[in-house]
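Read through the structure below, which is laid out as structure tokens, and then see the notes.
Order as written gives the chain letters A, B, C and D; numbering starts at 1 within each chain.
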Amino acid sequence: MTIEGKEDRRGRRIRLGMVGGGRDAFIGGVHRMASRLDDHFELVAGCFSSTAEKSLASGRDLGLADDRIYGDFNAMARREARLKEGIEAVAIVTPNHIHLTAAKPFLERGIHVICDKPLTSTLPDARKLVGLAEKSEALFVLTHNYTGYPMIRHARAMVAAGDIGTVRLVQVEYPQDWLTVETEATGHKQAEWRTDPARSGAGGSTGDIGTHAFNLASFVSGLTLKELAADLDSFVPGRRVDDNAHVLLRFEGGAKGMLWCSQVAPGHENGLRLRVYGTAGGLEWAQEDPNYLWHSPFGEPRRRLTRAGVGAGPESGRMSRIPAGHPEGYLEGFANIYSEAAAAIRARQNGEATPPEVVFPTVRDGLAGVAFVDACVRSSRRNGAWVTLAI
Amino acid sequence: MTIEGKEDRRGRRIRLGMVGGGRDAFIGGVHRMASRLDDHFELVAGCFSSTAEKSLASGRDLGLADDRIYGDFNAMARREARLKEGIEAVAIVTPNHIHLTAAKPFLERGIHVICDKPLTSTLPDARKLVGLAEKSEALFVLTHNYTGYPMIRHARAMVAAGDIGTVRLVQVEYPQDWLTVETEATGHKQAEWRTDPARSGAGGSTGDIGTHAFNLASFVSGLTLKELAADLDSFVPGRRVDDNAHVLLRFEGGAKGMLWCSQVAPGHENGLRLRVYGTAGGLEWAQEDPNYLWHSPFGEPRRRLTRAGVGAGPESGRMSRIPAGHPEGYLEGFANIYSEAAAAIRARQNGEATPPEVVFPTVRDGLAGVAFVDACVRSSRRNGAWVTLAI
Amino acid sequence: MTIEGKEDRRGRRIRLGMVGGGRDAFIGGVHRMASRLDDHFELVAGCFSSTAEKSLASGRDLGLADDRIYGDFNAMARREARLKEGIEAVAIVTPNHIHLTAAKPFLERGIHVICDKPLTSTLPDARKLVGLAEKSEALFVLTHNYTGYPMIRHARAMVAAGDIGTVRLVQVEYPQDWLTVETEATGHKQAEWRTDPARSGAGGSTGDIGTHAFNLASFVSGLTLKELAADLDSFVPGRRVDDNAHVLLRFEGGAKGMLWCSQVAPGHENGLRLRVYGTAGGLEWAQEDPNYLWHSPFGEPRRRLTRAGVGAGPESGRMSRIPAGHPEGYLEGFANIYSEAAAAIRARQNGEATPPEVVFPTVRDGLAGVAFVDACVRSSRRNGAWVTLAI
Amino acid sequence: MTIEGKEDRRGRRIRLGMVGGGRDAFIGGVHRMASRLDDHFELVAGCFSSTAEKSLASGRDLGLADDRIYGDFNAMARREARLKEGIEAVAIVTPNHIHLTAAKPFLERGIHVICDKPLTSTLPDARKLVGLAEKSEALFVLTHNYTGYPMIRHARAMVAAGDIGTVRLVQVEYPQDWLTVETEATGHKQAEWRTDPARSGAGGSTGDIGTHAFNLASFVSGLTLKELAADLDSFVPGRRVDDNAHVLLRFEGGAKGMLWCSQVAPGHENGLRLRVYGTAGGLEWAQEDPNYLWHSPFGEPRRRLTRAGVGAGPESGRMSRIPAGHPEGYLEGFANIYSEAAAAIRARQNGEATPPEVVFPTVRDGLAGVAFVDACVRSSRRNGAWVTLAI
């Protein structure tokens, strides 16, 4: 064990803008904290609301200059692209159905995009965004933030190194309980838009948290989903999107899996949990206790690996700030995505390739997520028939 | 909290015989310990092997008189039925495919049967056994032993009392790792017969542990399965039965569920775990830590109920022997089935009905278990189509 | 992993008597279950109460013949010693202050004694009992039952083998909460005698549970206590014995430790927990989750060893009955003391020495426990001065 | 449950300087991250090393202007105090023996001081610093960061509200393992100064982590220590300060406690754990799993309260940024001290009193900590005699 900290930023901060995330929003504040923690970014502009006054008020709260606060993201993209000290990257933190239109003007101007998930609310939109991103000179980073947890990085490295042999099974779940009752009828803003198919997309729990579970399972196992069979429910009367999903998974190469996501499971806050089993061992990780990774080599006792502790390798180490036993959490994992983005942006600005150790979810991962939701909905409508992702 | 013990036996012991369970067997010894713990039974006769000499040696190990040790269970049933002090009950602890023929002669003579699970290795056999049992004057008790755990009794009582509202979700799993490699090729006796369809039945993991998971889910939730969709695998090359099963569940009344059983999940010994979620709360229980029941009333903090502790009700109390904080385990849970059997036998001998609080798995539960395995196999062969239990 | 059971008894049962343990007692029932589990003993006689009618009623409950039920333990010892099929061993399960006088007549007649702890209520009594036991041809087994837990055996073997290097620290605690309020004033029989210095001894929590903690620490660490400093309290007004003890420990050779026992710590049922740290690793075990032993080799990840699981050695294996993942509990650990006693008795009856692997707490361990209580009381009266055990 | 974020900063950032925390230091980086997270501070100046070149390099790493980087903290204080946009607060993150001299010039100029713990390396220094701080117009904030954890705030509020009745017992421990071997001889910079009495103070583990444990116990229980008895050891040969301490505690009013801190306990990273028991309930919290607080009302089941979850009150809420189930960690807790400091500084700048809900450790808490170390050393030298704190 050592008592050592992570290296701080070297050099100037990247100028960041934001679309969405005004007063009363949730994820915008998370993005701001995440962008600040390692000091790679400085928020200098934003379009925090489509209502100009609201945007102005929110921007002033954050200490921005009035002339960098916008009521229209297209105007923001146009002007910032022309400014000498305009933004170099933008965080898109609006509801899902806005992601495509909000990202477009920035991508077209070469401004790097850091976008919240799921990628879009519809599959056609997702495809369009892939097209735009891949045509753009700018980077596109999707904040599937759980991939930023250090012990998830370590788990991924272990699987890739063959430490658990050939993967046979992937069990992933993400239960919550906040929609056990009809929260959306109580004026709860987050519940409202997240259960509105027009804003959230055809999937409810599948889009909001199922995509996280699916992404994490893919990220750690390194496997590609071949087909799925889903049974979706809306348990709460009147709810317009699924609030529970039971999904069977078949991966390329023969591995199998199960995915459960739910917003009606009392006792669970953010119970994302991943288990991967191979011919030579098993791994288990839970988001609510993210500093631990349980490793069970077949035929040996279960081991508790800790973030930055003995047995945690370099993939975990470069995502860590403080010594083992001092827990890092959700914001640190989220910040790791921002730090990866910063590293990639700086490499790009220096005309270099992204360093091989720098890893972040891409627009293609986002497409896979939206296709996952689409496949769940299609399968469930066909009474749980096996379907493939329409990627 | 109190420091108080459970009442001991009152009155004479019930005379018990055993079929199966000779040297090198596993579950026979468990049944013997379970039958002894509360002192309701005395083992006085047995047919421990179909080879007379082996049976004799095993019986002598156990201190039985030579004339009560048999090489043929039919002969045993005939003679014991005629003896003045012959057995009153018999434990059937052979491999699954023998259960029917072994139970038959005893049932026909009114000797109570305590039978290991699964009920039989085939569905037709199971139906025959139901017929025999229901025609007999004798009781038929199936040792789905996990239903004997005190906190499972408490969970069941809570669900029945509406403490978690209307049940929406049942998540149950039973992972093991002992067949991660081809253990059956190493001369391991238990692995051999449990992976041999002729002895074990068409289901491997589904029969051996999936039936336990299914039974426990039904027992606690009080729900009846309507249909299931299963994806079964034999991951280990050459294995003739499933060693992993992913199953989607639909219950009468609209509740949904997932069942996972596996014998190839490194790190798991006997990881039976049940979670039930309703409109008003959730429950969680794990077999490896059986003295705890986690209760999450919706909108209140999670609570840890302990066996015989504050908050554990009478259903748990009558299954407990020692104070809270002194763990009871697998054998005590198993013994509880024997104690329930004893109570039912004594009531029957006294011409009374089984007391309402006495609960044990029946031959019908056994039929449901075999039908569950059959349905899993049928569904999986039809690429995971939804099927109903052929009961 | 294997699915294999423990070998059953070979040969006839040892005839057991009991002193104490009538209706309403607690520990007598535990001894009876423990003696039955592995089938090495058969209870055939007893003096369950000093009131003849109560003793008779209790004995009949247990199915004993009337002529083997006594109202006077001296008469019982005399008659049983003369019977051809008289008892070979006796369990002493009375309150502490009776242990000496109850054990005496049996020891003098060569009848093996299995005695509950603490050894006696006073130090002079303990010394007398040591003298009697060491003069007798009979064995004396003290039921410090926690030493019978398989993973405690494994921990002891690891320390002895040097797996954690030289021991530096021993942290042991045994918190309970059942005397948080003045339970003894509510007619609670167990609380009454356990807080009565005349029956329990000068120590309250120190005698009832501190002795267990001290015994377990010594058993696993292999260390001899050199001196202690204690701060005892009776937090509940009117209580006549300590209900909380904070004790500093110094062992021969330089290791240090802390012992905490409490009966006024809300939230704890039987929270006995032992941690031992050496130059090369640490061990942790908790009685409420006894199937796990946590091993932290210095510089390597923490490992969870499980009873009968991979990594658990022969010392744990011979104390286990069922496979890993099927929890054994308090009664099984208690039964292990009885099985060790049976092995020692059988060896003695065969004119052989006790096999080296057979281990049980002795009358000397009992003396050390009573001296521990005495030292705690003396130190606390002298404001926590360091004192040595008066052994 | 809600998905809501914490309010962001309103208004401009406070200008922050730093003394210490150059390249290779540990805690400086932690302070910087903590100061950034909630955006209340902007680091604009620093004296990162007493060697001018090193300080310059470190400051440039952090993006500071050259003219705000100093090689002498006295010069820094003088100049910054005169600058129109000079620092308003300074973070002191040097080794302990420099705290007094580093804080002095800033306090004398009314620049608020945020100082790492322990307050000083000697008791006389601590008293001087109290005098300086209390004479100054500036605030003095001591970063006993564990007091910033939300669930610690909640625990403190529960105790203050009488939720666990009158406190009887405080059990606190802080085991680590990083000095199990002679790490200070390996060139490990942190180990070197922390085991050097000239830099660290007379206490080793007592100063480094024992002060944290003592502070936390006092903070949550609200109790004042009356006297202590300590047994200190330096287990590693050649070590010049204690690496393990066993301490008995007596509080004003009759409560008792135990404190254990160790740097030689293999398997522990930062195992700070606090348990408080009263007449009506118990509380338990562990730093490595800081989002949980276990509450055991006497006579009711144990409950797991979660940060920002149901049952967590406003004291926890105002220290939280993200929803329950998304873990916050060490940096967030540390940042809470900075946010409290910001609130106090802003109130002071506005001529207002510190709002009553704003709580942070003060210079007096720092003095108590140093006096605690002093008392431990004195008691241990007197063979564990009871001593009082020399405050």
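We take it that contacts are C-beta pairs under 8 Å (C-beta built on N, C-alpha and C of every residue); 3 or more make two chains touch, one makes a residue touch a chain.
Just so it is clear, the model here is predicted, and its values are computed rather than measured.
Engineer: What's the chain with its C-alpha centre farthest out from subunit D?
Structural biologist: B
Engineer: Looking only at C-beta pairs in contact, point me to the busier pair out of A-D and A-C.
Structural biologist: When the contacts at A-D and A-C are counted, A-D has more.
Engineer: Between subunit A and subunit C, what is the separation of their C-alpha centroids in Å?
Structural biologist: 55
Engineer: If you average the CA atoms of subunit A and of subunit B, how many Å lie between those two points?
Structural biologist: Whole-Å distance between the two chain centres: 44.
Engineer: When the centre of a chain is set as the mean of its C-alpha atoms, what distance in Å lies between subunit A and subunit D?
Structural biologist: Here subunit A and subunit D have centroids separated by 34 Å.
Engineer: Pull out every residue in subunit A that's touching 2 or more other chains.
Structural biologist: 177, 268, 302, 306, 309
Engineer: Of all residues in subunit B, which touch subunit C in the complex?
Structural biologist: For this pair, the touching residues of subunit B are 1-6, 8-13, 25-30, 32-33, 36-39, 61-63, 176-178, 188, 190, 268-271, 287-291, 306, 309, 321-332.
Engineer: Mind listing the subunit D positions that touch subunit B in their complex?
Structural biologist: Going through subunit D, the ones touching subunit B are 295, 299-306, 309-311.
Engineer: Residues of subunit B touching subunit A in their complex?
Structural biologist: 164, 168-169, 171, 173, 177, 180-181, 229, 231, 233, 235, 244, 246, 248, 250, 256-258, 260, 262, 264-268, 275, 277-282, 284, 294, 296-298, 302, 383-384, 386
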